[in-house]
Amino acid sequence: MEKLFYLSDLFGVGVFAITGALMAGRKSMDLFGVLVIAIITSLGGGTLRDLILDNHPVSWIRNDTYILVASLAAVATVVWVRFTRPIHETGLLIADAFGLAVFTVIGTEVALQHDAPISTAVIMGVMTGVAGGVIRDVICNEIPLIFQKEIYATACIAGSLAFIGLRELSMPWGSTAGLAMLVVLLIRLAAIRWRLSLPRFHLLDRSIR
Amino acid sequence: MEKLFYLSDLFGVGVFAITGALMAGRKSMDLFGVLVIAIITSLGGGTLRDLILDNHPVSWIRNDTYILVASLAAVATVVWVRFTRPIHETGLLIADAFGLAVFTVIGTEVALQHDAPISTAVIMGVMTGVAGGVIRDVICNEIPLIFQKEIYATACIAGSLAFIGLRELSMPWGSTAGLAMLVVLLIRLAAIRWRLSLPRFHLLDRSIR
Amino acid sequence: MEKLFYLSDLFGVGVFAITGALMAGRKSMDLFGVLVIAIITSLGGGTLRDLILDNHPVSWIRNDTYILVASLAAVATVVWVRFTRPIHETGLLIADAFGLAVFTVIGTEVALQHDAPISTAVIMGVMTGVAGGVIRDVICNEIPLIFQKEIYATACIAGSLAFIGLRELSMPWGSTAGLAMLVVLLIRLAAIRWRLSLPRFHLLDRSIR
(Lines give C-alpha, C1' and ligand atoms only; values in the text may rest on other atoms or scores of the structure.)
Protein backbone atom coordinates (compact mmCIF):
# COMPACT_ATOMS: atom_id res chain seq x y z
CA MET A 1 0.00 0.00 0.00
CA GLU A 2 2.67 2.43 1.06
CA LYS A 3 4.69 1.23 -1.92
CA LEU A 4 1.76 1.99 -4.21
CA PHE A 5 1.53 5.45 -2.78
CA TYR A 6 5.24 6.11 -3.18
CA LEU A 7 4.97 5.03 -6.82
CA SER A 8 1.99 7.35 -7.32
CA ASP A 9 4.06 10.15 -5.85
CA LEU A 10 6.88 9.47 -8.31
CA PHE A 11 4.31 9.31 -11.11
CA GLY A 12 3.07 12.75 -10.07
CA VAL A 13 6.65 14.05 -10.07
CA GLY A 14 7.15 12.71 -13.58
CA VAL A 15 3.93 14.21 -14.95
CA PHE A 16 4.55 17.62 -13.40
CA ALA A 17 8.11 17.55 -14.77
CA ILE A 18 6.66 17.05 -18.26
CA THR A 19 4.44 20.13 -17.94
CA GLY A 20 7.50 22.03 -16.76
CA ALA A 21 9.61 20.86 -19.69
CA LEU A 22 6.87 21.81 -22.15
CA MET A 23 6.61 25.30 -20.69
CA ALA A 24 10.40 25.67 -20.89
CA GLY A 25 10.16 24.61 -24.53
CA ARG A 26 7.56 27.26 -25.23
CA LYS A 27 10.06 29.78 -23.89
CA SER A 28 12.84 28.29 -26.03
CA MET A 29 15.04 27.56 -23.06
CA ASP A 30 18.22 25.54 -23.35
CA LEU A 31 18.55 22.04 -21.94
CA PHE A 32 19.68 23.24 -18.54
CA GLY A 33 16.65 25.53 -18.32
CA VAL A 34 14.38 22.64 -19.28
CA LEU A 35 15.83 20.51 -16.48
CA VAL A 36 15.55 23.24 -13.87
CA ILE A 37 11.99 24.18 -14.76
CA ALA A 38 10.99 20.50 -14.79
CA ILE A 39 12.51 19.94 -11.35
CA ILE A 40 11.03 23.11 -9.89
CA THR A 41 7.57 22.33 -11.26
CA SER A 42 7.55 18.82 -9.85
CA LEU A 43 9.28 19.38 -6.52
CA GLY A 44 8.67 23.07 -5.80
CA GLY A 45 5.29 22.67 -4.14
CA GLY A 46 6.40 19.96 -1.73
CA THR A 47 9.62 21.82 -0.95
CA LEU A 48 7.80 25.04 -0.09
CA ARG A 49 5.40 23.06 2.12
CA ASP A 50 8.28 21.38 3.94
CA LEU A 51 10.07 24.68 4.50
CA ILE A 52 7.00 26.35 5.97
CA LEU A 53 6.13 23.34 8.14
CA ASP A 54 9.80 22.94 9.16
CA ASN A 55 9.55 19.37 7.91
CA HIS A 56 13.19 18.39 7.37
CA PRO A 57 14.91 16.82 5.58
CA VAL A 58 13.01 17.89 2.46
CA SER A 59 12.07 14.68 0.62
CA TRP A 60 14.44 14.93 -2.36
CA ILE A 61 17.48 15.89 -0.24
CA ARG A 62 18.08 12.35 0.98
CA ASN A 63 16.40 10.32 -1.74
CA ASP A 64 17.70 11.20 -5.18
CA THR A 65 15.02 9.14 -6.95
CA TYR A 66 12.85 12.27 -7.08
CA ILE A 67 15.42 14.34 -8.95
CA LEU A 68 16.18 11.38 -11.19
CA VAL A 69 12.55 10.85 -12.16
CA ALA A 70 12.01 14.57 -12.83
CA SER A 71 15.18 14.76 -14.95
CA LEU A 72 14.35 11.65 -16.95
CA ALA A 73 10.83 12.92 -17.60
CA ALA A 74 12.27 16.22 -18.82
CA VAL A 75 14.76 14.56 -21.15
CA ALA A 76 12.11 12.15 -22.43
CA THR A 77 9.83 15.10 -23.20
CA VAL A 78 12.50 16.82 -25.27
CA VAL A 79 13.30 13.65 -27.17
CA TRP A 80 9.62 12.84 -27.67
CA VAL A 81 8.75 16.28 -29.02
CA ARG A 82 11.78 16.29 -31.31
CA PHE A 83 11.05 12.92 -32.88
CA THR A 84 7.33 12.35 -32.70
CA ARG A 85 5.87 15.84 -32.55
CA PRO A 86 2.28 15.69 -31.38
CA ILE A 87 1.67 15.35 -27.67
CA HIS A 88 -1.62 13.83 -26.64
CA GLU A 89 -3.04 16.82 -24.84
CA THR A 90 -5.99 15.13 -23.17
CA GLY A 91 -3.77 12.30 -22.00
CA LEU A 92 -1.43 14.79 -20.43
CA LEU A 93 -4.27 16.64 -18.71
CA ILE A 94 -5.59 13.42 -17.22
CA ALA A 95 -2.14 12.40 -16.02
CA ASP A 96 -1.72 15.86 -14.56
CA ALA A 97 -5.04 15.53 -12.71
CA PHE A 98 -3.80 12.27 -11.23
CA GLY A 99 -0.55 13.89 -10.10
CA LEU A 100 -2.52 16.75 -8.60
CA ALA A 101 -4.64 14.27 -6.65
CA VAL A 102 -1.61 12.48 -5.17
CA PHE A 103 0.17 15.70 -4.24
CA THR A 104 -2.93 17.13 -2.57
CA VAL A 105 -3.38 14.10 -0.34
CA ILE A 106 0.32 13.95 0.55
CA GLY A 107 0.42 17.64 1.42
CA THR A 108 -2.64 17.42 3.62
CA GLU A 109 -1.32 14.32 5.37
CA VAL A 110 2.07 15.89 6.10
CA ALA A 111 0.40 18.98 7.57
CA LEU A 112 -1.90 16.90 9.78
CA GLN A 113 1.11 14.97 11.05
CA HIS A 114 2.49 18.33 12.16
CA ASP A 115 -0.70 19.03 14.16
CA ALA A 116 -1.75 21.82 11.85
CA PRO A 117 -5.34 23.08 12.17
CA ILE A 118 -7.71 22.21 9.33
CA SER A 119 -7.35 25.47 7.45
CA THR A 120 -3.57 25.09 7.41
CA ALA A 121 -3.82 21.45 6.33
CA VAL A 122 -5.98 22.44 3.38
CA ILE A 123 -3.58 25.22 2.44
CA MET A 124 -0.69 22.75 2.57
CA GLY A 125 -2.61 20.29 0.39
CA VAL A 126 -3.29 23.00 -2.17
CA MET A 127 0.26 24.34 -1.93
CA THR A 128 1.77 20.92 -2.56
CA GLY A 129 -0.48 20.51 -5.58
CA VAL A 130 -0.17 23.90 -7.22
CA ALA A 131 2.84 25.87 -5.96
CA GLY A 132 5.30 24.12 -8.27
CA GLY A 133 3.26 25.18 -11.28
CA VAL A 134 2.91 28.71 -9.93
CA ILE A 135 6.69 29.05 -9.51
CA ARG A 136 7.15 27.61 -13.02
CA ASP A 137 4.82 30.23 -14.48
CA VAL A 138 6.39 33.08 -12.51
CA ILE A 139 9.92 32.15 -13.63
CA CYS A 140 8.66 31.84 -17.20
CA ASN A 141 7.20 35.34 -16.93
CA GLU A 142 3.54 34.31 -17.12
CA ILE A 143 0.73 35.16 -14.73
CA PRO A 144 -0.02 31.76 -13.18
CA LEU A 145 -2.70 30.04 -15.22
CA ILE A 146 -4.36 28.48 -12.20
CA PHE A 147 -5.39 31.93 -11.00
CA GLN A 148 -7.26 32.52 -14.23
CA LYS A 149 -8.40 29.35 -15.92
CA GLU A 150 -10.64 26.40 -15.25
CA ILE A 151 -11.22 24.97 -11.86
CA TYR A 152 -7.91 23.57 -10.69
CA ALA A 153 -7.05 24.58 -7.17
CA THR A 154 -10.70 24.19 -6.22
CA ALA A 155 -10.33 20.48 -6.90
CA CYS A 156 -7.43 20.43 -4.44
CA ILE A 157 -9.44 22.22 -1.77
CA ALA A 158 -12.33 19.76 -2.13
CA GLY A 159 -9.99 16.76 -2.11
CA SER A 160 -8.11 18.02 0.90
CA LEU A 161 -11.33 18.61 2.84
CA ALA A 162 -12.61 15.18 1.80
CA PHE A 163 -9.41 13.60 3.07
CA ILE A 164 -9.67 15.39 6.40
CA GLY A 165 -13.33 14.40 6.78
CA LEU A 166 -12.89 10.78 5.71
CA ARG A 167 -10.02 10.36 8.16
CA GLU A 168 -12.54 10.68 10.98
CA LEU A 169 -14.25 7.48 9.76
CA SER A 170 -11.12 5.51 10.64
CA MET A 171 -11.11 3.52 7.44
CA PRO A 172 -7.79 2.05 6.34
CA TRP A 173 -5.44 4.89 5.30
CA GLY A 174 -5.30 3.62 1.74
CA SER A 175 -9.07 3.87 1.23
CA THR A 176 -9.19 7.33 2.77
CA ALA A 177 -6.41 8.54 0.50
CA GLY A 178 -7.91 6.81 -2.52
CA LEU A 179 -11.35 8.32 -2.04
CA ALA A 180 -9.91 11.80 -1.50
CA MET A 181 -7.84 11.43 -4.66
CA LEU A 182 -10.99 10.41 -6.50
CA VAL A 183 -12.65 13.65 -5.42
CA VAL A 184 -9.78 15.68 -6.89
CA LEU A 185 -9.76 13.61 -10.07
CA LEU A 186 -13.51 13.80 -10.69
CA ILE A 187 -13.75 17.54 -10.12
CA ARG A 188 -10.70 18.18 -12.25
CA LEU A 189 -11.88 15.94 -15.09
CA ALA A 190 -15.34 17.52 -15.00
CA ALA A 191 -13.71 20.95 -15.16
CA ILE A 192 -11.66 19.90 -18.20
CA ARG A 193 -14.61 18.23 -19.90
CA TRP A 194 -17.09 21.08 -19.48
CA ARG A 195 -14.58 23.92 -19.17
CA LEU A 196 -15.86 24.92 -15.75
CA SER A 197 -14.29 27.93 -14.16
CA LEU A 198 -14.69 30.19 -11.16
CA PRO A 199 -16.12 33.68 -11.58
CA ARG A 200 -13.48 36.29 -12.19
CA PHE A 201 -12.88 39.56 -10.43
CA HIS A 202 -12.34 42.38 -12.91
CA LEU A 203 -11.04 45.68 -11.67
CA LEU A 204 -10.43 48.30 -14.30
CA ASP A 205 -8.47 51.50 -14.42
CA ARG A 206 -7.60 51.72 -10.82
CA SER A 207 -4.33 52.95 -9.59
CA ILE A 208 -4.42 52.03 -5.97
CA ARG A 209 -1.00 50.81 -5.09
CA MET B 1 -1.16 46.19 25.53
CA GLU B 2 -0.15 42.92 23.94
CA LYS B 3 -3.79 42.46 22.96
CA LEU B 4 -3.76 45.85 21.29
CA PHE B 5 -0.66 44.89 19.37
CA TYR B 6 -2.11 41.59 18.24
CA LEU B 7 -5.19 43.41 16.99
CA SER B 8 -2.99 45.90 15.13
CA ASP B 9 -1.19 42.96 13.54
CA LEU B 10 -4.51 41.50 12.36
CA PHE B 11 -5.51 44.93 11.10
CA GLY B 12 -2.29 45.05 9.06
CA VAL B 13 -3.03 41.59 7.67
CA GLY B 14 -6.49 42.72 6.61
CA VAL B 15 -5.27 45.89 4.93
CA PHE B 16 -2.48 44.14 3.04
CA ALA B 17 -4.97 41.47 1.94
CA ILE B 18 -7.12 44.22 0.44
CA THR B 19 -4.22 45.56 -1.61
CA GLY B 20 -3.55 42.00 -2.76
CA ALA B 21 -7.18 41.43 -3.76
CA LEU B 22 -7.23 44.70 -5.71
CA MET B 23 -4.08 43.76 -7.62
CA ALA B 24 -5.60 40.34 -8.41
CA GLY B 25 -8.69 42.16 -9.68
CA ARG B 26 -6.59 44.32 -11.96
CA LYS B 27 -5.24 41.09 -13.43
CA SER B 28 -8.76 39.68 -13.79
CA MET B 29 -7.98 36.66 -11.66
CA ASP B 30 -10.65 34.26 -10.53
CA LEU B 31 -11.79 34.01 -6.93
CA PHE B 32 -9.16 31.47 -6.00
CA GLY B 33 -6.45 33.72 -7.40
CA VAL B 34 -7.84 36.65 -5.42
CA LEU B 35 -7.69 34.62 -2.20
CA VAL B 36 -4.16 33.38 -2.83
CA ILE B 37 -2.78 36.79 -3.77
CA ALA B 38 -4.48 38.34 -0.74
CA ILE B 39 -3.01 35.73 1.60
CA ILE B 40 0.47 35.95 0.06
CA THR B 41 0.47 39.74 0.23
CA SER B 42 -0.53 39.82 3.86
CA LEU B 43 1.43 36.87 5.23
CA GLY B 44 4.30 36.49 2.75
CA GLY B 45 6.66 38.98 4.38
CA GLY B 46 6.36 37.52 7.86
CA THR B 47 6.63 33.98 6.52
CA LEU B 48 9.84 34.71 4.64
CA ARG B 49 11.27 36.38 7.75
CA ASP B 50 10.39 33.37 9.90
CA LEU B 51 11.94 30.94 7.41
CA ILE B 52 15.21 32.87 7.23
CA LEU B 53 15.39 33.32 11.01
CA ASP B 54 14.35 29.70 11.58
CA ASN B 55 11.53 31.02 13.73
CA HIS B 56 9.08 28.11 13.81
CA PRO B 57 6.19 27.52 13.85
CA VAL B 58 5.40 30.25 11.34
CA SER B 59 2.65 32.39 12.92
CA TRP B 60 -0.31 31.36 10.74
CA ILE B 61 0.47 27.63 10.91
CA ARG B 62 -0.94 27.22 14.40
CA ASN B 63 -3.32 30.16 14.62
CA ASP B 64 -5.79 30.19 11.74
CA THR B 65 -7.10 33.64 12.61
CA TYR B 66 -4.51 35.13 10.25
CA ILE B 67 -5.71 33.16 7.22
CA LEU B 68 -9.30 33.86 8.21
CA VAL B 69 -8.78 37.63 8.41
CA ALA B 70 -6.91 37.71 5.10
CA SER B 71 -9.62 35.64 3.38
CA LEU B 72 -12.46 37.72 4.78
CA ALA B 73 -10.73 40.93 3.72
CA ALA B 74 -10.31 39.52 0.21
CA VAL B 75 -13.95 38.46 -0.07
CA ALA B 76 -15.13 41.78 1.37
CA THR B 77 -13.05 43.62 -1.22
CA VAL B 78 -14.63 41.71 -4.10
CA VAL B 79 -18.14 42.28 -2.73
CA TRP B 80 -17.43 45.94 -2.03
CA VAL B 81 -16.04 46.64 -5.49
CA ARG B 82 -18.90 44.80 -7.16
CA PHE B 83 -21.64 46.65 -5.31
CA THR B 84 -20.29 50.03 -4.37
CA ARG B 85 -17.59 50.70 -6.93
CA PRO B 86 -15.38 53.51 -5.75
CA ILE B 87 -12.69 52.68 -3.25
CA HIS B 88 -11.45 55.52 -1.12
CA GLU B 89 -7.88 55.59 -2.32
CA THR B 90 -6.47 57.91 0.31
CA GLY B 91 -8.17 55.96 3.06
CA LEU B 92 -6.60 52.78 1.76
CA LEU B 93 -3.15 54.35 1.57
CA ILE B 94 -3.37 55.54 5.16
CA ALA B 95 -4.54 52.13 6.35
CA ASP B 96 -1.69 50.57 4.37
CA ALA B 97 0.80 52.90 6.05
CA PHE B 98 -0.53 51.79 9.43
CA GLY B 99 -0.15 48.12 8.47
CA LEU B 100 3.36 48.82 7.26
CA ALA B 101 4.21 50.42 10.60
CA VAL B 102 2.96 47.43 12.61
CA PHE B 103 4.74 44.89 10.42
CA THR B 104 8.02 46.79 10.56
CA VAL B 105 8.05 46.86 14.33
CA ILE B 106 7.06 43.20 14.62
CA GLY B 107 9.75 42.12 12.16
CA THR B 108 12.45 44.07 13.94
CA GLU B 109 11.36 42.74 17.33
CA VAL B 110 11.38 39.11 16.17
CA ALA B 111 14.88 39.51 14.72
CA LEU B 112 16.22 41.09 17.91
CA GLN B 113 14.74 38.23 19.93
CA HIS B 114 16.89 35.96 17.73
CA ASP B 115 20.01 37.95 18.69
CA ALA B 116 20.42 39.30 15.18
CA PRO B 117 22.86 42.19 14.72
CA ILE B 118 21.33 45.60 13.98
CA SER B 119 21.72 45.41 10.21
CA THR B 120 19.88 42.07 10.13
CA ALA B 121 17.15 43.37 12.42
CA VAL B 122 16.53 46.31 10.10
CA ILE B 123 16.44 44.00 7.09
CA MET B 124 13.92 41.77 8.85
CA GLY B 125 11.78 44.78 9.74
CA VAL B 126 11.79 45.92 6.13
CA MET B 127 11.25 42.38 4.84
CA THR B 128 8.22 41.87 7.08
CA GLY B 129 6.79 45.14 5.84
CA VAL B 130 7.43 44.91 2.13
CA ALA B 131 8.21 41.34 0.98
CA GLY B 132 4.54 40.32 0.78
CA GLY B 133 3.88 43.15 -1.64
CA VAL B 134 6.99 42.31 -3.63
CA ILE B 135 5.92 38.68 -4.03
CA ARG B 136 2.43 39.88 -5.00
CA ASP B 137 3.87 42.09 -7.73
CA VAL B 138 6.22 39.40 -9.02
CA ILE B 139 3.43 36.81 -9.28
CA CYS B 140 1.26 39.39 -11.01
CA ASN B 141 4.06 39.99 -13.50
CA GLU B 142 4.86 43.54 -12.44
CA ILE B 143 8.19 45.01 -11.44
CA PRO B 144 7.67 45.70 -7.72
CA LEU B 145 6.34 49.20 -7.28
CA ILE B 146 8.27 49.82 -4.10
CA PHE B 147 11.52 49.67 -6.05
CA GLN B 148 10.35 52.50 -8.24
CA LYS B 149 7.81 54.73 -6.58
CA GLU B 150 7.55 57.02 -3.61
CA ILE B 151 9.35 56.49 -0.39
CA TYR B 152 8.01 53.31 1.09
CA ALA B 153 10.74 50.99 2.30
CA THR B 154 12.70 53.99 3.49
CA ALA B 155 9.94 54.57 6.03
CA CYS B 156 10.45 51.01 7.25
CA ILE B 157 14.20 51.47 7.58
CA ALA B 158 13.73 54.65 9.61
CA GLY B 159 11.07 53.06 11.81
CA SER B 160 13.15 49.96 12.39
CA LEU B 161 16.19 52.02 13.36
CA ALA B 162 14.02 54.18 15.62
CA PHE B 163 12.67 51.07 17.33
CA ILE B 164 16.18 49.71 17.91
CA GLY B 165 17.39 53.05 19.26
CA LEU B 166 14.39 53.69 21.51
CA ARG B 167 14.70 50.24 23.02
CA GLU B 168 17.93 51.38 24.67
CA LEU B 169 15.96 53.94 26.66
CA SER B 170 14.14 51.12 28.45
CA MET B 171 10.75 52.72 28.16
CA PRO B 172 7.76 50.39 28.38
CA TRP B 173 7.67 48.19 25.26
CA GLY B 174 4.35 49.67 24.19
CA SER B 175 5.68 53.21 24.05
CA THR B 176 8.79 52.11 22.17
CA ALA B 177 6.72 50.27 19.60
CA GLY B 178 4.21 53.11 19.36
CA LEU B 179 6.86 55.75 18.75
CA ALA B 180 8.63 53.63 16.14
CA MET B 181 5.32 53.05 14.37
CA LEU B 182 4.74 56.79 14.43
CA VAL B 183 8.04 57.29 12.61
CA VAL B 184 6.97 54.92 9.84
CA LEU B 185 3.53 56.51 9.63
CA LEU B 186 4.76 60.09 9.48
CA ILE B 187 7.41 59.44 6.82
CA ARG B 188 4.99 57.40 4.77
CA LEU B 189 2.17 59.96 5.01
CA ALA B 190 4.59 62.76 4.13
CA ALA B 191 5.75 60.75 1.12
CA ILE B 192 2.15 60.27 -0.03
CA ARG B 193 1.23 63.90 0.61
CA TRP B 194 4.18 65.47 -1.17
CA ARG B 195 4.99 62.58 -3.53
CA LEU B 196 8.50 62.24 -2.18
CA SER B 197 10.70 59.67 -3.82
CA LEU B 198 14.28 58.47 -3.83
CA PRO B 199 16.56 59.31 -6.75
CA ARG B 200 16.53 56.67 -9.43
CA PHE B 201 19.39 54.87 -11.09
CA HIS B 202 19.01 54.86 -14.87
CA LEU B 203 21.24 52.63 -16.92
CA LEU B 204 20.61 52.64 -20.64
CA ASP B 205 21.60 50.41 -23.51
CA ARG B 206 23.87 48.15 -21.59
CA SER B 207 24.09 44.48 -22.17
CA ILE B 208 26.16 43.30 -19.28
CA ARG B 209 24.77 40.00 -18.15
CA MET C 1 43.75 29.20 3.70
CA GLU C 2 40.34 29.46 5.29
CA LYS C 3 40.89 33.20 5.43
CA LEU C 4 41.64 33.23 1.71
CA PHE C 5 38.45 31.34 1.04
CA TYR C 6 36.37 33.68 3.17
CA LEU C 7 37.81 36.62 1.26
CA SER C 8 37.00 34.91 -2.05
CA ASP C 9 33.45 34.42 -0.80
CA LEU C 10 33.15 38.12 0.00
CA PHE C 11 34.63 38.92 -3.41
CA GLY C 12 31.92 36.78 -5.01
CA VAL C 13 29.27 38.60 -3.00
CA GLY C 14 30.60 41.94 -4.18
CA VAL C 15 30.72 40.92 -7.85
CA PHE C 16 27.23 39.45 -7.83
CA ALA C 17 25.95 42.58 -6.10
CA ILE C 18 27.36 44.64 -8.98
CA THR C 19 25.45 42.57 -11.56
CA GLY C 20 22.34 43.04 -9.43
CA ALA C 21 22.81 46.81 -9.22
CA LEU C 22 23.33 47.03 -12.99
CA MET C 23 20.13 45.10 -13.66
CA ALA C 24 18.25 47.38 -11.25
CA GLY C 25 19.65 50.33 -13.15
CA ARG C 26 18.41 48.94 -16.44
CA LYS C 27 14.95 48.85 -14.85
CA SER C 28 15.36 52.43 -13.58
CA MET C 29 14.82 51.43 -9.97
CA ASP C 30 15.36 53.84 -7.13
CA LEU C 31 18.26 53.53 -4.69
CA PHE C 32 16.37 51.23 -2.36
CA GLY C 33 15.54 48.93 -5.26
CA VAL C 34 19.19 48.90 -6.30
CA LEU C 35 20.24 47.87 -2.80
CA VAL C 36 17.63 45.14 -2.52
CA ILE C 37 18.34 43.65 -5.92
CA ALA C 38 22.08 43.74 -5.22
CA ILE C 39 21.63 41.96 -1.89
CA ILE C 40 19.23 39.37 -3.31
CA THR C 41 21.51 38.63 -6.26
CA SER C 42 24.55 38.11 -4.08
CA LEU C 43 23.00 36.33 -1.10
CA GLY C 44 19.84 34.75 -2.54
CA GLY C 45 21.44 31.55 -3.79
CA GLY C 46 23.20 30.74 -0.54
CA THR C 47 20.10 31.64 1.47
CA LEU C 48 17.86 29.34 -0.54
CA ARG C 49 20.42 26.54 -0.17
CA ASP C 50 20.58 27.03 3.59
CA LEU C 51 16.79 27.02 3.91
CA ILE C 52 16.42 23.79 1.95
CA LEU C 53 19.29 22.09 3.79
CA ASP C 54 18.02 23.43 7.14
CA ASN C 55 21.49 24.93 7.62
CA HIS C 56 20.90 27.60 10.25
CA PRO C 57 21.78 30.31 11.02
CA VAL C 58 21.91 31.53 7.43
CA SER C 59 25.38 33.04 6.92
CA TRP C 60 24.47 36.72 6.74
CA ILE C 61 22.14 36.62 9.75
CA ARG C 62 24.95 36.62 12.27
CA ASN C 63 27.77 38.18 10.27
CA ASP C 64 26.78 41.52 8.80
CA THR C 65 29.91 41.76 6.69
CA TYR C 66 28.02 40.08 3.85
CA ILE C 67 25.25 42.68 3.75
CA LEU C 68 27.83 45.43 4.13
CA VAL C 69 29.91 44.21 1.17
CA ALA C 70 26.84 43.79 -1.04
CA SER C 71 25.55 47.26 -0.12
CA LEU C 72 28.92 48.93 -0.68
CA ALA C 73 29.28 47.21 -4.05
CA ALA C 74 25.81 48.45 -5.04
CA VAL C 75 26.53 52.02 -4.00
CA ALA C 76 29.94 51.94 -5.69
CA THR C 77 28.28 50.76 -8.90
CA VAL C 78 25.81 53.63 -8.91
CA VAL C 79 28.56 56.17 -8.22
CA TRP C 80 30.86 54.61 -10.82
CA VAL C 81 28.23 54.59 -13.54
CA ARG C 82 27.19 58.14 -12.77
CA PHE C 83 30.68 59.59 -12.89
CA THR C 84 32.70 57.40 -15.20
CA ARG C 85 30.15 55.83 -17.50
CA PRO C 86 31.70 52.88 -19.29
CA ILE C 87 31.87 49.61 -17.41
CA HIS C 88 34.50 47.19 -18.53
CA GLU C 89 32.22 44.39 -19.64
CA THR C 90 34.82 41.68 -20.08
CA GLY C 91 36.34 42.51 -16.73
CA LEU C 92 32.96 42.13 -15.10
CA LEU C 93 32.31 38.82 -16.82
CA ILE C 94 35.63 37.43 -15.62
CA ALA C 95 35.00 38.62 -12.08
CA ASP C 96 31.55 37.07 -12.26
CA ALA C 97 33.06 33.76 -13.38
CA PHE C 98 35.34 33.86 -10.37
CA GLY C 99 32.41 34.52 -8.02
CA LEU C 100 30.51 31.69 -9.64
CA ALA C 101 33.43 29.34 -9.03
CA VAL C 102 33.65 30.21 -5.34
CA PHE C 103 29.90 29.92 -4.77
CA THR C 104 29.74 26.56 -6.54
CA VAL C 105 32.45 25.04 -4.34
CA ILE C 106 30.96 26.48 -1.15
CA GLY C 107 27.47 25.20 -1.99
CA THR C 108 28.73 21.72 -2.78
CA GLU C 109 30.81 21.61 0.40
CA VAL C 110 27.90 22.70 2.62
CA ALA C 111 25.64 20.03 1.10
CA LEU C 112 28.28 17.30 1.58
CA GLN C 113 28.65 18.34 5.21
CA HIS C 114 24.91 17.66 5.53
CA ASP C 115 25.42 14.12 4.20
CA ALA C 116 23.56 14.86 1.00
CA PRO C 117 23.89 12.34 -1.84
CA ILE C 118 25.95 13.42 -4.85
CA SER C 119 23.02 14.55 -6.97
CA THR C 120 21.81 16.81 -4.18
CA ALA C 121 25.31 18.18 -3.58
CA VAL C 122 25.60 19.12 -7.25
CA ILE C 123 22.19 20.78 -7.17
CA MET C 124 23.21 22.75 -4.09
CA GLY C 125 26.44 23.82 -5.78
CA VAL C 126 24.54 25.00 -8.83
CA MET C 127 21.82 26.61 -6.70
CA THR C 128 24.36 28.58 -4.66
CA GLY C 129 25.95 29.78 -7.89
CA VAL C 130 22.92 30.68 -9.95
CA ALA C 131 19.75 31.06 -7.85
CA GLY C 132 20.54 34.62 -6.78
CA GLY C 133 20.73 35.66 -10.42
CA VAL C 134 17.55 33.78 -11.24
CA ILE C 135 15.61 35.54 -8.46
CA ARG C 136 17.08 38.87 -9.63
CA ASP C 137 15.82 38.23 -13.17
CA VAL C 138 12.38 37.06 -12.01
CA ILE C 139 11.88 40.15 -9.81
CA CYS C 140 13.01 42.34 -12.69
CA ASN C 141 10.44 40.67 -14.91
CA GLU C 142 12.90 38.91 -17.20
CA ILE C 143 13.08 35.25 -18.11
CA PRO C 144 16.32 34.17 -16.42
CA LEU C 145 19.20 34.59 -18.84
CA ILE C 146 20.99 31.49 -17.64
CA PHE C 147 18.18 29.33 -19.00
CA GLN C 148 18.75 30.76 -22.45
CA LYS C 149 22.25 32.01 -22.98
CA GLU C 150 25.78 30.69 -23.05
CA ILE C 151 26.98 27.89 -20.90
CA TYR C 152 26.77 29.08 -17.34
CA ALA C 153 25.16 26.57 -15.04
CA THR C 154 26.93 23.80 -16.93
CA ALA C 155 30.19 25.20 -15.63
CA CYS C 156 28.80 24.90 -12.10
CA ILE C 157 27.76 21.29 -12.65
CA ALA C 158 31.21 20.37 -13.94
CA GLY C 159 32.94 22.21 -11.11
CA SER C 160 30.74 20.66 -8.48
CA LEU C 161 31.34 17.16 -9.84
CA ALA C 162 35.08 17.86 -10.02
CA PHE C 163 35.05 18.96 -6.40
CA ILE C 164 33.23 15.82 -5.31
CA GLY C 165 35.59 13.61 -7.28
CA LEU C 166 38.78 15.35 -6.17
CA ARG C 167 37.74 15.09 -2.53
CA GLU C 168 38.23 11.35 -2.77
CA LEU C 169 41.93 11.90 -3.46
CA SER C 170 42.34 13.35 0.03
CA MET C 171 44.44 16.26 -1.09
CA PRO C 172 44.49 19.29 1.20
CA TRP C 173 41.07 20.95 1.11
CA GLY C 174 42.51 24.13 -0.38
CA SER C 175 43.90 22.34 -3.44
CA THR C 176 40.67 20.43 -3.96
CA ALA C 177 38.65 23.62 -3.81
CA GLY C 178 41.14 25.49 -5.97
CA LEU C 179 41.14 22.87 -8.72
CA ALA C 180 37.34 22.66 -8.75
CA MET C 181 37.13 26.42 -9.02
CA LEU C 182 39.56 26.28 -11.90
CA VAL C 183 37.19 23.90 -13.71
CA VAL C 184 34.31 26.36 -13.35
CA LEU C 185 36.49 29.27 -14.40
CA LEU C 186 37.94 27.60 -17.48
CA ILE C 187 34.60 26.35 -18.80
CA ARG C 188 32.97 29.69 -18.15
CA LEU C 189 35.76 31.68 -19.78
CA ALA C 190 35.75 29.34 -22.78
CA ALA C 191 31.97 29.81 -23.06
CA ILE C 192 32.37 33.59 -22.99
CA ARG C 193 35.28 33.55 -25.44
CA TRP C 194 33.70 31.29 -28.06
CA ARG C 195 30.05 32.00 -27.20
CA LEU C 196 29.36 28.36 -26.48
CA SER C 197 25.81 27.46 -25.60
CA LEU C 198 23.64 24.44 -24.99
CA PRO C 199 21.12 23.35 -27.62
CA ARG C 200 17.72 24.89 -27.12
CA PHE C 201 14.33 23.27 -26.92
CA HIS C 202 11.80 25.07 -29.11
CA LEU C 203 8.15 24.25 -28.76
CA LEU C 204 5.78 26.27 -30.88
CA ASP C 205 2.07 26.90 -30.83
CA ARG C 206 1.17 24.45 -28.16
CA SER C 207 -1.47 25.10 -25.61
CA ILE C 208 -0.95 22.31 -23.17
CA ARG C 209 -1.52 23.69 -19.73
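Should a chain be cited, it is by its letter among A, B and C, assigned in written order, with residues numbered from 1 in that chain.
As a working rule, a contact is a pair of C-beta atoms (placed from the backbone, for glycine too) under 8 Å apart; a residue touches a chain by one contact, two chains touch by 3 or more.
Please read these numbers as outputs of a predicted model, since none were measured by experiment.
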item: Least step count from subunit B to subunit C, where 1 means the two chains touch; value: 1
item: Residue-number overlap at the subunit A/subunit B interface, same or different (half cut); value: different
item: Separation of subunit A from subunit B, taking each centre as the mean of its C-alpha atoms, in whole Å; value: 29
item: In subunit B, residues with contacts to at least two other chains; value: 51, 138, 141, 149
item: Complex interface listing, subunit A residues touching subunit B; value: 51-54, 114, 116-120, 123, 134, 138, 141-144, 146-149, 152-154, 197-204, 206-209
item: Footprint of subunit B on subunit C - complex, ascending; value: 19, 21-22, 24-34, 36-37, 39, 47, 51, 56-58, 60-62, 64, 67-68, 78, 81, 87, 89, 92-93, 96, 138-141, 145, 149
